[in-house]
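Let me begin by handing over the structure; questions about it come next.
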């Protein structure tokens, strides 16, 4: 009942792993924006499976169709429907898992919730559901960039125990991020991360990781107290991504260890505005943007579906060994980059419209 | 525009620090529940300022009034309005801060957002706003306990660099939590934490900390994919609490460093249900509860308002030194315990009703 | 679960007939609006019971308190909580009706829905619930008047079979409406209507009536297709008022009998805008305002609670005779005028903010 | 921003007249319902253009595709996406209307609202938008029929000045309704109505009409006070249909002329429940269903687009004569029957889930 996100800039997603297609209806897109399928395809191609050696070999072209709401490459202000066909369906891969719920996967909980499950197991918990977020997020980003010059850039900051050094958040670009397959802008760390992923792959195992994301040029004043504070909305959006289990903004958990006199961000004059000389707040104070870059980190657990044999139980409670089949990513973070960016864009577009409503 | 939380079990809060009162309207409470002011007062008293030496000396009795929706101590199914008067208002304390926004506080962002600000500075970012959450959460908890036997217990797991050892999540109780002022169930750690807070107080400074919360007896099947997955809803709820900057469920950020074969929670038969032998998932898989305890951690930054002199700037951008007046907590975590519990209850009550709607 | 109305300009109401008080939280009110209790009291006094000989003699001063969100008579942009105490409670009046649901009243349906009922019978179906709408609507009206110069005027256009002649919608004012007790701007019809009401009163009976409302100076472009078209939102708002059973906008049911060539409103140049020479559309085309006055009619059934003996049945299905006690209005329309105006204002304020969000 | 309807049983529609397709995402459909495209097609075929001599000759097969949420003809509990391709697009028909907004049509207001307009003129105000409502409503109806045995039947009760006699609401069926092209179950009236429509067609004109709808077997207790009272929700749903301008439930406007002693519905024992001997309430009291049939009437204005020459003005305000081209229905009521039924089903399904949530 919660496949719609947003109050004004609203996305309603649909689609499982093995149905005819996945997509979304995006409502509330301001009129007269220039929107083309090619623009949306860029982010979809960054999410697409089979891009490189690091991920699943499932082959999907993931070509986006715009079904409504855009005419002559201009938004009409009416709902924009988006559709991507599922072409490389192999439900047979899942047949052996009908009786054995995959550990830490959605097989079991979907069955408990709905009393039925899609042939692919976890139903909407499939990575394919995120296609709709990426496409819808790309539309949100067009709005944010066109109207506010906002830039959203995410990158992989750790894989397993490999941590990349801090990134220059003022100057990071998607080009810098995309210079290697794992999407870590530090090439030395990237090589180690790719090695880590390949080792996991070789062991038919998986590995977790962390994504950091920065959003630049957000005006001061965005975010809706009390319950849709900017960090609360971002936390919801990020934790709604499959496999995400942790979120922190600004100094996050690390900041809990500091004193206020160290942690507080002093105000300083910055050109035409009041800024802060440090940014432990991550650009948000009292739930509202302060004009500094908003940055946050999202933790992803290791993929649940692994070929490595696991001791577990059947639905009936019988002990068994499961070695999962199917084509799954050993690590999700490099493909999750455009998903994190897309969800951030959806949050910010909604916040932008809320504040526009207020200012009139 | 976002002072309402929930789809079915819904709370709408109101009130600033220095207006006549703070409170909430709680809609969607199932009828025929036994609800008394005394039950709500228990949690309010745990949140109340001036309880002990660790926090602000602002004196508020925080007596709750139930204005509607309950007759003869039974809920009518209609909206329950709750009101707590603000009695110890001293707006004068804030007069010196009219020209100088407090660093890392909501003064600046509220002014940027609304073009006006309450005399107390951060307006709704005040800790008094959380009274409504605690009272509304207490009602949610009555529903969850009565109908499902759910137990929600939060405690302080760190203050600054003082970390308490792991807690036995199956047996922790509020009585164990409340045996010391800092609400850490390990008395040795608690003493060190209190010492840490007193040192910060002496230095007119503040310190951050982390709260851990466990929710037991949640049935399998709660949580609403895609955007209101259980961990997403909890993350939003927790990050909407003033000063919260980080959230992780289950293994959280730590789990990102593990391999799937280690991290996955194997299924095992448990009495009348299928359970898991470990709980790195934190009781949630694919965004839906699996029947195991749901636990999570919330990081709180050090209080922004400190008496310690800080170099900062006026609204006009002039450099200045600010030593804030007013009566503020040097550490928020011990008083935030019932807030975390209340927000968890509000999330779970909403999820419960959603699933009840589905099952019919 | 539906005591909240609105997407951006949002009201959440609470209160039954015999609890400590009734009121509302109004969220999304733009900041820096001048709002005083006296302004709200004007409309509350028009709704208040005991104003004149036509209605119930229940005496309530209905004094409004603003609990939050306003400081120094300026809105802060935060939720505005409103409270009116219930002072003249006489639950004893209802004791004889515990076993016999009043025909066409909410006693029976509330009991069926909630399995419990307030001592006053219909719970939230009480006319006192509408206080919150009037007070919240008065705030909405301040916004609409201040920013857009919008005027909302309702009047009684029929009581029973007494129909007032058509009113000059361009020039009708609240002063003209209030020149008699029944609030019909035609004094001859008003006298006949008052006579009709007094006859019903004498017979311990009740009588229905119709209210017409016009909203002037609404800019073109308000209304949100598909499901919140302007007429759809108004219809919902009006039919949510107790005793309302019918709604029509513009030519309404009468227009269904016409041909398009007669019914269509031709466009003509009007000063600085394109207007229409007739207004069968009631100012709305395709669900969106066109700049002409928006007008509509709302039908109210005769009050269900009457002293006249009625043959009916007990909850247990036994035949019986009921002659209801209590102090009830024989006709609701004259007191419903500010309720209709208030609900119209709430709808329009929400639409205004939606369009402001879009235009940015 | 309002293309989504419903709180739990939720539909989000998309599509203009001349884009690749129209459709909807239906979220909140309970799992394990038997749903086939053929079932949905039945109602779509009743709405389809070109069915008979009475309406537009635009030829659309309107074949429904289910894109997600259903597997092996069983609902999964996940969003069901529906798509109907637009095949008979002739945007050229509209080229002459680019400069002249059609009187009483959405051309002008869409342009004012969005600053851009689809090539077909009124964009989402197109009758094709209602396809999504019919298909989504058919799913809602499957749920209501399967679980509650609810029956929803609408018919044409007037065209222009031709009024059909009262219908036996307890026994009316869709078969009886569909025995003639105009869908009036009284064949004599139907012949006169068809004659009326043909005369309007011959005159290149259009004519309005009224639809009556009855919903049987709704349990007592549905409807959500205060703002989503059952009649309020129905009124919104019906007035959101293109060309609808009036709504009344039960005795409606006629009831306003009666005294309470005549209008009240006395309670009587009916088999296993308490019923009423008359039904002026239309099955709803205090906004909540009482177990009697819910019936209401919806008034539709004459179609705005007519070939008959009309004196009007261009967007620039120049006087002109417009004789519209394109293929439009001279009367919408016979094709609106499944739309009214579909919207009623969407309202009731949402209400059902709300009450299920409450009862648990």
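Residue numbering begins at 1 within each chain, and the chains themselves are lettered A, B, C and D in the order written.
Keep this in mind: a residue touches a chain if its C-beta (ideal position, glycine included) is under 8 Å from a C-beta of that chain, and two chains touch if they have at least 3 such contacts.
What you see is a predicted model; the values in this text were computed from it and never measured.
Trainee: How many links in the shortest chain of touching chains run from subunit A to subunit C?
Mentor: 1
Trainee: Tally the contacting C-beta pairs at the C-D interface and at the B-D interface, and name the larger one.
Mentor: C-D
Trainee: So what's the Cα centroid distance for subunit B and subunit C, whole Å?
Mentor: 39
Trainee: Give, as an integer number of Å, the spacing between the C-alpha centres of subunit D and subunit C.
Mentor: Centres of subunit C and subunit D (C-alpha means) sit 26 Å apart.
Trainee: Find the geometric centre of each of subunit B and subunit D from their Cα atoms only, then give the gap between the two centres in Å, rounded to an integer.
Mentor: 46
Trainee: For subunit B, write out the residues touching at least two other chains, lowest number first.
Mentor: 1-4, 7-8, 13, 28, 31, 77-78, 113-114, 124, 225, 354, 357-358
Trainee: Going by the contact rule set out above, which residues of subunit D touch subunit C in the complex?
Mentor: Against subunit C, the touching part of subunit D is residues 1-5, 7, 13, 101, 103-106, 108-110, 112-114, 122, 124-125, 129, 158, 160-161, 200, 203, 205-210, 220-229, 231-240, 242, 244-253, 255-261, 263-269, 274, 276, 280-282, 284-291, 297, 299-306, 308, 310-313, 315, 317-319, 354-355, 357-358.
Trainee: Okay, in this complex, where on subunit B does subunit D touch?
Mentor: Those in contact with subunit D are residues 7-8, 28, 30-31, 77-78, 147, 225, 352-354, 356-360.
Trainee: Within the complex, which stretch of subunit A touches subunit D?
Mentor: Going by the criterion above, the answer is residues 1-4, 8, 10, 12-16, 19-25, 27-28, 31-32, 65-71, 74-81, 83, 113-119, 123-124.
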